[in-house]
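Both of the next two complexes hold chain A, though its partner changes from chain B to chain C.
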Partner chain A sequence: MAIDTQKVQEISKSKSGSRLPLFGAAIALIVALLLPSVLNSANSSVYVYTMLYAIVAVGLSLLIGYAGQVSLGQAVFVAVGAYTAAILSAHGVPTILAFILAPFVSMMVALIVGIPLLTLRGNYLAFGTLALQLIILGVVANTTFLGGSLGIPSIPQLGLTSSLQLGSAKSYAWLSLVLLVGVLIVSRNLINSRPGRGLRALATTEIGAAAAGVPVGRYRLYAFLLSAAYGGIAGAVYAFFTGFISPNSFSVLLSIEFIVMIMVGGSRSIWGAVVGAFVISILVQVLNTLGTLHGLPNSMPAIFSYAAYGLLLVVIIRYMPDGIVAWFGKRLGRLTTASKNLD
Partner chain B sequence: MNQLIGYLINGIAVGCIYAMLGSGLVAIYRVTTVVNVAQGTFAVMGGLIASSALSFGLPHGLGELVGVIAAGILGLLVGKIALTKGGISPISSLVITIGLAVAAYALEVGLWGSLPVSLAGIRSVLRFSGVAIQDQYLLIIAVSIVIFIGLWAFFSKSYIGLALTACSSNSYGARVMGIDVRRMGVIAFGLGGVLGGLSGILIMPVQPLSFNSDINLVVMGFAAAVIGGMTRFEYALAGGVVLGVVEELIAGYWQARYQLEVALGIVILTMVFEGALNARRGTAAWR
Partner chain C sequence: MSLTEQTRSEILRVDSVSKTFGAVRALHDVSLSVSEGECRGIIGANGAGKSTLFRIIARHMSSDSGHVSYRGKSLAHSPAHSLAGMGLAIVFQEALPFQDMTVQENIMVGGHSTLRHGFLAAMLKTPSRRVEENEIRTRSWEIIDRLGLSDIANEHAQELPFGMQRLVQIGRALCGRPRLLLLDEPASGLRFQERNALAEVLKKLISEGLTVMLVEHDVRFVFSLAESITVLDLGEVIAEGTPQEIRENPQVIEAYLGTAANA
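The block that comes next holds the complex of A and B.
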């Protein structure tokens, strides 16, 4: 046992030993910090959505990439966070309190549904989470207290203190960046901790991990809860930022979008989730611009994005199962070794 | 009482649709252990293509047949893409079928728009002692009986059917006997496509379908299949009928808006209960 732990530690050290990713992350962070001050308000919204997507995607990559649990209903936890924030602030709770409570309510829901659902594996879990999303969305659409299928309009802006209200898209951009960085730091620390190694072990072989003393059920549940909390955070910011939510804002397609993001970026790393969210957001923007060109029917942007999501998913799984980051990394590595050989 | 008979017949008919979708999933799962998320897509595409074929002037029967055949071809295509030569994990194949289902949205919205499309079925209504039943529901039940007898004959008598069964019971053994397991998987997808297409053309006259109806269809089909443990057609039939009847009874006596939620709840409980049962037996299914 002792030897094994040491080995694992060595492996994780050698992995994080390279300076290059850290350097890249630092540059990305500086660019991300400066970007909101130069963006116009429409582009700032895209920025906010990208950050929120990334927050959910990081949670989902912990669940799928590290814990090996495929959830097809991740949007449901985003919805719970958004509805918590909206309902509480509509009933006079200070928005900052509603914002803080949102991820906890998402976790509560995840705890209640996770205990039975996580006894399922693979295909069954995937369909169980999908069914769960359909159930919860259906119930929300039929509950007047939750705004029914029309949704909840005029959600107040998020006020950090009584005098400091977040009003502009720019302020939400910085808030969502800070939240993403926080989520990344927590996730990175988790992955490099003992429970993180346990999670990776149980994703490879559950029986093996259990035999090695990893509390399999508990860790699976923890990963599920954490990913739900991330969803709740993103949902709450989304509700305050857009000011309007309805069951349609959190469709099954949104859950699938999250899957596409982590598959594109590479499900086995939290950075991949961020890259995936970024790439998909840019791609969708480009397609929207193309789709709204003169003379095209109104449904064109939707058609483009369905085709892009669908085909990307197929191509990535078939030809780049580790995501584009690893794919390009491998190509680059091959290139550099080839040039070294030439020398 | 008369009302109850009406609900039961409608429920059985809707249940047969779920069972048909479920059998498509079972046919594919038995051979490949892949749950095909695009199963609902087969139904939607089959129905939409049939509606276009009919509007091009093809007679009834032939137009529907075109839809079913197209769904079958679509099934083969999905199978070819989802099952790679090198072999990938079933869950990766499942994600590929999600991708194909979403990509199909683009085609469906582009060609047929995003509004629900209906299909001209049998419009007449059967009335006896105060019960009114749309004949289309009776047609669904009659066709389903034929299909399930056909499925039984196919899997127990025909060469391909036996080969498919061989693959599902022992994939390694089947390969040793010279059966190409991947090819059989693709054929199973084709069969799934046909069953999906059939369910689409049968349900569309009473329940118009739009591009995103596929999610509800595949989830209900999965529900029917899962009650039978994903591997037995006759259990999928029973599961589908039970779900259909429960749904209709809830809609009839309580509230129509909760029929899907209750049915899905039953499914989740079934899966969890089944899992717990397997775990106790010590035959944990590591799916």
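The block that comes next holds the complex of A and C.
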């Protein structure tokens, strides 16, 4: 079969089109790499949390934006990862091993709930995961072995090797950046390949995807497991970094924050998840500062958060239904075509 | 029965399939056989049971009785997604192009069952993934080229005109290297020129030996393509034969063609 190879090459070339997004990502990466060395320790914590948020959000965007399933209890997988890391290292398991096992335990929990929930259609996974989070937090709060409602204190620092222990906030900042970049690369590889195309297809039409040969149920389950694993990774780093976890660390509000992140950034892009995580973690800081002003009741930060997320969601859905990244992408696209036309 | 059917081997067989929805008898004792290499048209008025039959063959609905077999093997226990891998490609009437995916990516999805690499290999970019991705990319380009979609290969498929979207769906089906292409109302909603373009594409595919089964409301479209036609009316097969035979069948004229001609 004769193909016009020249034409093919031309089109392949034009596909890469604007190098701007790649350029932007490179700048962001350089800034992210340099940032930990100039941040003070409080700001380094914010940096670590932002990176960990982003890791969870990328997983959730694979689930929501690509596999078309919603999890309202994504924080539970963060919790499972954190508790796995904490309990195992408290019982003498090398921290690096506990760290590696954490995402697998999160995946196992996801597998147990995912098999029955994903065979059902509609929003069962959303409600099921929310229920799962409430149940697991309840069980943890009442189990002495798991630290009860007081939580687990003095979790050791993560030791990558016997001699290389992570101690400073700076080292966790770099670790979490490396993990986020790894998660992004791996997710991007997935999206641009056979299984990734299958996932994207089934998010539009399950019947169409099945007709093309995509095993819809199994793929949804795999996406769910993957999102749980990303949650587990973030949870484990969180446990080692803060040294203390309790059921309160993984509230339903946290799960909602993850949803807001990918709605804000745009659920159909892993970059959207990163931008969303960045925006929300800054917002959380602002709200915490406001909510803990002198004379305000203790519940104020939570009240502020719910109000702010509600408002933010309304604004985003009204003005940027595809999220910030797509919104800017569209405007940038228009700008570049306009400038091309001027030439 | 046309002569050709007896000499070619059978690829699809529907054996006394019946289906009722509550009090409505959608299909009653429907049997038909499609031979390798033929283009079969299934026609009938609205409510004749065409779509029900299509859905049952495509494994999106199960029949109350009777069975469907493909290349001698019953499809009773084959999930819908396994058909593509067996060489049975299905294009639903209501199938939307996959959102936020280019024409090329849409077509590449159709090759899903001809590739092996799964989640882990994809994430880690193993050598087998690279080989397979290159292969599917090349194959999708061949199809894009054949269907004349080169200029829009990188457009988002959902933004294209309807006729183009239909071609993309056909391209997606072809990417799975099918033996039998099952089309549900391929001409519906298309403009005159789009319909002709689609007919040309299908004619070429049929002449290259692809077996095609068209479930179609548009009689003229079917007559221009099919070498044999099955007519459904109120859930039953009322006639089967060459387009010429069908045109002259008094029962068909009474039940269907007469009204279609007046419409």
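Here is the rule we use: the second predicted complex is superposed on the first by the 295 of 343 C-alpha atoms of A that agree within 3 Å, B and C clash if a C-alpha of one lies under 4 Å from a C-alpha of the other, contacts with A are read in each partner's own complex, and residues count from 1 in each chain.
We adopt the following convention: a contact is a pair of C-beta atoms (placed from the backbone, for glycine too) under 8 Å apart; a residue touches a chain by one contact, two chains touch by 3 or more.
This one's a predicted model, so the numbers in the text were calculated from it and none came from an experiment.
By the touch criterion defined above, A:A210 lies against chain C but remains apart from chain B after alignment on the C-alpha atoms of chain A. Of the two partner chains placed around the shared chain by superposition, chain B is the only one that A:Y124 touches, whereas chain C remains out of contact.
Of the two partner chains placed by the overlay, only chain C lies in contact with A:G198; chain B stays clear of it. Of the two partner chains, chain B is the only one touched by A:I303; chain C is not. Once the two complexes are laid over each other on the shared chain, residue contacts for A:L253 go to chain B alone; chain C is not touched.
In the superposition on chain A, no contact is made by A:A42 with either chain B or chain C. Contacts of A:L226 after superposition: chain C is touched, whereas chain B is not reached. Residue contacts after overlaying the shared chain place A:G138 against chain B, while chain C stays out of touching range. In the superposition on chain A, the residues of chain A touched by chain B in one structure and by chain C in the other are 207. Of all the residues in chain B, the ones that touch chain A in their complex are 33-35, 81, 84, 88, 90-92, 94-96, 98-106, 109-110, 113-114, 212, 215-216, 219, 222-223, 226, 257-258, 260-261, 264-265, 267-269, 271-272, 275-276, 279, 285-287.
For chain A in complex with chain B, the touching residues are 70, 72, 116-117, 119-124, 126-128, 130-132, 134-135, 138-139, 142, 206-207, 252-253, 256, 259-260, 263, 299, 302-304, 306-307, 309-314, 317-318, 321. Contact residues of chain A toward chain C in the complex are 1, 3-4, 7-8, 11, 14-15, 186-187, 189-190, 193-198, 200-201, 203-205, 207-216, 222, 226, 268.
Residue ranges on chain C touching chain A, taken from their complex, read 58, 60, 79-85, 89-92, 94-102, 105-106, 108-113, 115, 117-119, 122-125, 129, 132-133, 136, 141-142, 145-146, 150, 153-154, 172, 176.
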